[in-house]
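Next up: the structures, one after another.
Common to both upcoming complexes is chain A, partnered first by chain B, then by chain C.
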Partner chain A sequence: MDFTLSEEQQMLQDTVVRLVRDSYSFEQREQFYRSEPGFSWAFWQQLGELGLCSVPIAEAHGGFGGSGVDNLLIMTELGRNLCLEPFLQSQIHGAGLLQQLGNAQQCEALLPRVASGELQLAVALEESQSHYLLHDVQTRAVVVDGGWKLSGHKVVVVGGHSAGLILLSARTAGEPLDEQGISLFLLDPASVGVSRRAYPNIDGPHACDVVLDEVFIAADSLLGEPGRALPALRYQRGRAIAAQCAEAVGGMQEAFRLTLDYLKTRQQFGAPIGKFQVLQHRMADMRGELELASSMAILAACVADEVDSEERSRRLAAAKFVVVRAARFIAEQAIQLHGGIGMTWEYNLAHHAKRLVMLSHQLGDDDHHLQAYAELLKSA
Partner chain B sequence: MDINYTPAELEFRDEVRAFVSVALPDDIAAKVRLGKHLSKDDHQRWQRILAKRGWYAANWPVEHGGTGWSVVQKHIFEEECAAFGAPRLISFGVNMVAPVIIKFGTQTQKDHYLPRILSGEDWWCQGYSEPGAGSDLASLKTRAVRDGEHYIVNGQKTWTTLGQHANMIFCLVRTDPDAQQQRGISFLLIDMASPGITVRPIITLDGDHEVNEVFFDNVRVPVANLVGEENQGWTCAKYLLTHERTGQAGIAQSKAALAQLKQVAARELRNGRPLLDDPLFRAQVAEVEIQLLAIEVSTLRILAAAQAGGVPGAESSILKIKGSEIRQAISHLLRKALGVHALPFVEEELDFDHAGELRHADYSAAPAGQYFNLRKLSIYGGSNEIQKNIIAKMILEL
Partner chain C sequence: MKVLVAIKRVVDYNVKVRVKADESGVDLANVKMSMNPFCEIAVEEAVRLKEKGVASEIVVVSIGPTAAQEQLRTALALGADRAVLVESSEELNSLAVAKLLKAVVDKEQPQLVILGKQAIDSDNNQTGQMLGALTGYAQGTFASKVEVAGDKVNVTREIDGGLQTVALNLPAIVTTDLRLNEPRYASLPNIMKAKKKPLEVLTPDALGVTTTSTVKTLKVEAPAGRSAGIKVKSVAELVEKLKNEAKVI
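Take a look at the complex of A and B:
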């Protein structure tokens, strides 16, 4: 067992730390949030130029071929600074699906462009009724001459408003809730019949809903075999969850740090409020939660790229569960210990709190993952 | 012992129910239930309706235009109002400054201010907290210096709820800087239109404008606006705080929120079935309902005891803690019930009159923001930590 970072990993970490420190102050973030795509294209380009966009992508496709731990290092720093760019959605989730399901031509044509940061991807799996269940797909794709015709509705596609291509699940066979019959397509959002409604999410990043009205797409837009996408969707969501856990740990560390600083400086009753024992114990509890969450994020990072297995699924579900619970506790208590000031838009802590709580609304909440774990529970 | 309402109380409940069901405007009820923005006018419309019926000043004695209701009647009234989706009354005028004026004010103050509160002519806000004086309120620094028939006020108040609507503010100000903390404080009524007052919005994390900073720069306030004696303002403040806390359990609001949670969870789906039928989620709804029941019975028990002996004591701290926690727990579940639909921050859908196509459902735009907004419940009116200090000191004598 070895929990230390290699020299290369330390260099990677230093690169990201420096980048976000220099170009992602909270004031800048607020500007990015209010700007057109809701994040910074310039920062995205920097991520590309420094090779960070290529880290999660295989060497064969112009990437760096990084490990789960490499992804963790990047995501933690992006989380620490509340970065708004769809790195997780595009470079980890989207690219992962493309790499796993795409044929040689598709991968060759697209992945190098993704690795350089030139092409941004988004992933559209959730539907109005799906509530985190990947097999609850009602969007339909039917075979037509030369390709497919898509109809349906995808919701809260993070980064979908700015994406060059959207990876989208649709049912090519079977009934709603069937595990068979689900396929993954590459959708050009400029196609006729696609409409997108964009908005900011309450935790900062922008997203969109995608309505498909008899959208024709060419036959080569199908990724993998028709009707067989579900295992890949599940596998890649696991990788995305690992990345999300790492992002949350960065946010939790920062929320914790800000709160600790505040307890040392805020004076009430003639003393820094950190002198009150109840607040000391609360901080100690938060520290404990942070410790467990950090461990689970590392566990998730280490199993994310393993061969699919029940054990891998269990561990990823466990990681998400622990991180969701810890993140909410830390977010709520960080606000509480700040008093009124913790509730203000002007203060980055409040935005960390929102991000940490809302993480449970993407890629499955604690209930979802508790149930997933329970289903995989070993009998002895 | 009998935990049921008496026949007279039941009759009263029916009377309230009959009135509210008809008198409460539909648009206001829908806004409250769905968490849409309420305008100043919405609040005032509902106040006028209640005032006309003689039910606005539930906490005042009859001779001043109050209802003279018992605590149980007040509880019934609040519960019925909330169940139909009435907005919570903005308490700064009717339930905070008015009781102080009634108890400590001069006849002239009573004659002037009370009718204006009843009619809705004055909108009051509360100027207690300052940047440096939150939990430690007695450390407040805003100064009032006597100059003939005026006080000259300088300083800053903050977190002033709905100060942007108010034309009057009641403030705690320091009139004797040399006296020990609580001693040199006075209770002053200030016209917001006075020269030298600046109100600046504070935007909260849910994007809302609910609180403000209020700056005082050489503001002249007539000495006649002092309530009680100079340097005795802390007595008024303490009296008001007990009043503030009693209403804070918010059982009625929690019950209404729970009903909304069940409706939403019955409409949201998981695995092709209503989320409310999902055993894990259903159990969590059951849990808050059980907890709420326990808090409600406790409220009634503590109120009944208070009925016999005046203002409730430190037990109101217990109700404040439990009441805020359950309200927060319900808002957490409501946000959770929405799944991914809790994420979009579509501010225009918080406007009830928004004409565009709804992104998901009429109930889905508000809950996430509300959940964050309701973090305030455990912070203001004496934070939950401060309440526990009170319990430790007053009940436990530790």
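Take a look at the complex of A and C:
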């Protein structure tokens, strides 16, 4: 297989590397984290101006029509510097859902604004009981005159506090856990009856819970056919997982680099601790896991935009499982090899470790994906 | 006005370079290569001149291996109009590069040639000056400000302890210092446009230039590692050590 990047991909990567290196030092990230939205709007605008926000969006809708590999290049660099902007949630997951389910009018009105970075999206699928099951939806939408009325509670909507529009799943028919009857709506967070409780997640990015109290939304806020959103939700979660794997690889590479640097610098018993064989073994194990994870992230990027199939789902589940296993292993080993300093707030490794561990709990944890993989193997 | 910008492919400034075991040079295997940062500033200045309506065409030229096309494409993505690569796999010294650039200048007849003041790999700071001597053009080195006024270009130079402004008759040669401007990022639409811009490949032979070097690198050594610091008990002790041991005050 040829893993060489094309000239354009190389330049795209160079642009992101330089931009992130110049605008996202650890100290700057700290300021962004403590600011009101929990990220940098200026950086977000820069992503838009340079055309990076348009990469995952189709050319027909004002985007660049980038491939999974293009998304991988961007996400890896954002992950390397622990960027807090909801690029994955808005540009990949949100825009992907809008593109797949939206009608021509909705796509035409919204996607060019998303591609330019002017409009940020968030995706609200999780509920407190759902535990990664996209069809476990208790939020209800009922038909009323001229539109829909929504009631329910969505949790941990990353970027939901700053998004201009939230894509929200709700049950329009059937019982909880039915696969039919799930619809996707475009929710204006400023609508009457919507309340949001924002908070920073333990790994950095800010999120919110969304409570819907008989919220009226117009009929044209429905995306796709009523009750038939589930296949699209599953497909786009696959794309988001591929992007998340790339983000994790960027974080792991940086955690590995920081640890290697530390081992070469820290002296104990009159020698750099990297001279000790037992620590070298640990580094070799970390490198092995990192290489496995990188390969799986590339595989995920390559299949993310393929036509939906069991094979695609199986590969994405495998990628997520291998990547989060590696992420947790590298995070834990990096802390062990650093000792106390690896846990301090003032040192970026601690934040990488938190992010790498928490990635497992977003878009399905390892148990969830291992089970999905096993079931797909059975049915194959 | 046509502007010619010379750029060089060098090891990325963020890479920690390693000297080869035989001390013959720096190990370039699997090392990230980029455009020399001073050359990026040169490209940026040319693009700004074009945006102001002063420059009508920007030609970028690089001398090096086939892979230097990557850096030329980057320059095209930053706003240059076309590119020329003088392909040579040899390690060329400053004079050979200046001679090749002279041949390109003769061919292209630019009014202004902008170069980085030096490349971060060899740190010679010679090519611009040598090109000035070979072409007979006026030169403004270490530029921190460039203003074209009629048939002259005013160049503010960074010199020891201050600034000097010189007026050069066009055609002229300018070498850029760090504070001249802050280079932009290549945006995605411009990256895509760069693909369609022309890139011409020439050889030293085609330009009729011999590149035989009169200089041979004997040895390359890494700088000595930093030794550990010491703790002092008082300011007085620090002053005493700075005065008597380090002899810096």
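In this section, the second predicted complex is superposed on the first by the 376 of 380 C-alpha atoms of A that agree within 3 Å, B and C clash if a C-alpha of one lies under 4 Å from a C-alpha of the other, contacts with A are read in each partner's own complex, and residues count from 1 in each chain.
By our rule, a contact is a pair of C-beta atoms (placed from the backbone, for glycine too) under 8 Å apart; a residue touches a chain by one contact, two chains touch by 3 or more.
The shown structure was predicted, so the numbers you read here are calculated from the model rather than taken from an experiment.
Undergrad: Looking at A:Q180, would you say it contacts chain B, chain C, both, or neither? Reply first, second, both or neither.
TA: It touches nothing on chain B or chain C.
Undergrad: Quick one: chain B or chain C, who's touching more of chain A?
TA: For chain A, the partner with the higher number of touched residues is B.
Undergrad: Is A:L19 in contact with chain B, with chain C, with both, or with neither (first, second, both, neither)?
TA: second
Undergrad: Applying the touch criterion given at the start, work out whether A:V55 contacts chain B, chain C, both or neither, answering first, second, both or neither.
TA: In the superposed model, A:V55 contacts chain C only, not chain B.
Undergrad: Figure out whether A:Q10 sits in contact with chain B (first) or chain C (second), or with both, or with neither.
TA: So A:Q10 only meets chain C here.
Undergrad: Per the contact definition in the header, classify A:F64: touching chain B only (first), chain C only (second), both, or neither.
TA: A:F64 sits against chain C, while chain B stays out of touch.
Undergrad: When the two structures are overlaid on chain A, which partner does A:W345 contact: first (chain B), second (chain C), both, or neither?
TA: The answer is first: A:W345 touches chain B but not chain C.
Undergrad: Following superposition on chain A, which residues of chain A contact chain B and also contact chain C?
TA: In chain A, residues 267 are touched by chain B and also by chain C.
Undergrad: Mind pulling up the chain C residues that touch chain A in the complex?
TA: Contact set of chain C toward chain A: 14, 34, 69-70, 73-74, 77, 185-189, 191-192, 194-195, 228.
Undergrad: In their complex, what parts of chain B are in touch with chain A?
TA: So the residues of chain B in touch with chain A come to 129, 132, 134-136, 139, 158-159, 202-207, 211, 268-272, 275, 278, 280-281, 284, 335-336, 338-346, 359-360, 368-369, 371-373, 375-376, 378-380, 383-385, 388.
Undergrad: So in the complex, the part of chain A that touches chain C is made up of which residues?
TA: Counting only chain A, the residues touching chain C are 7-8, 10-12, 14-15, 18-19, 21, 49-52, 54-55, 64, 267.
Undergrad: Hey, which residues of chain A end up touching chain B in the complex?
TA: Residues in contact with chain B: 126, 128-129, 131-133, 136, 155-156, 176-177, 197, 199-203, 207, 209, 267-270, 276, 278-279, 332, 335-336, 339-340, 342-346, 350-351, 353-354, 357-358, 360-362, 365, 367, 370-371.
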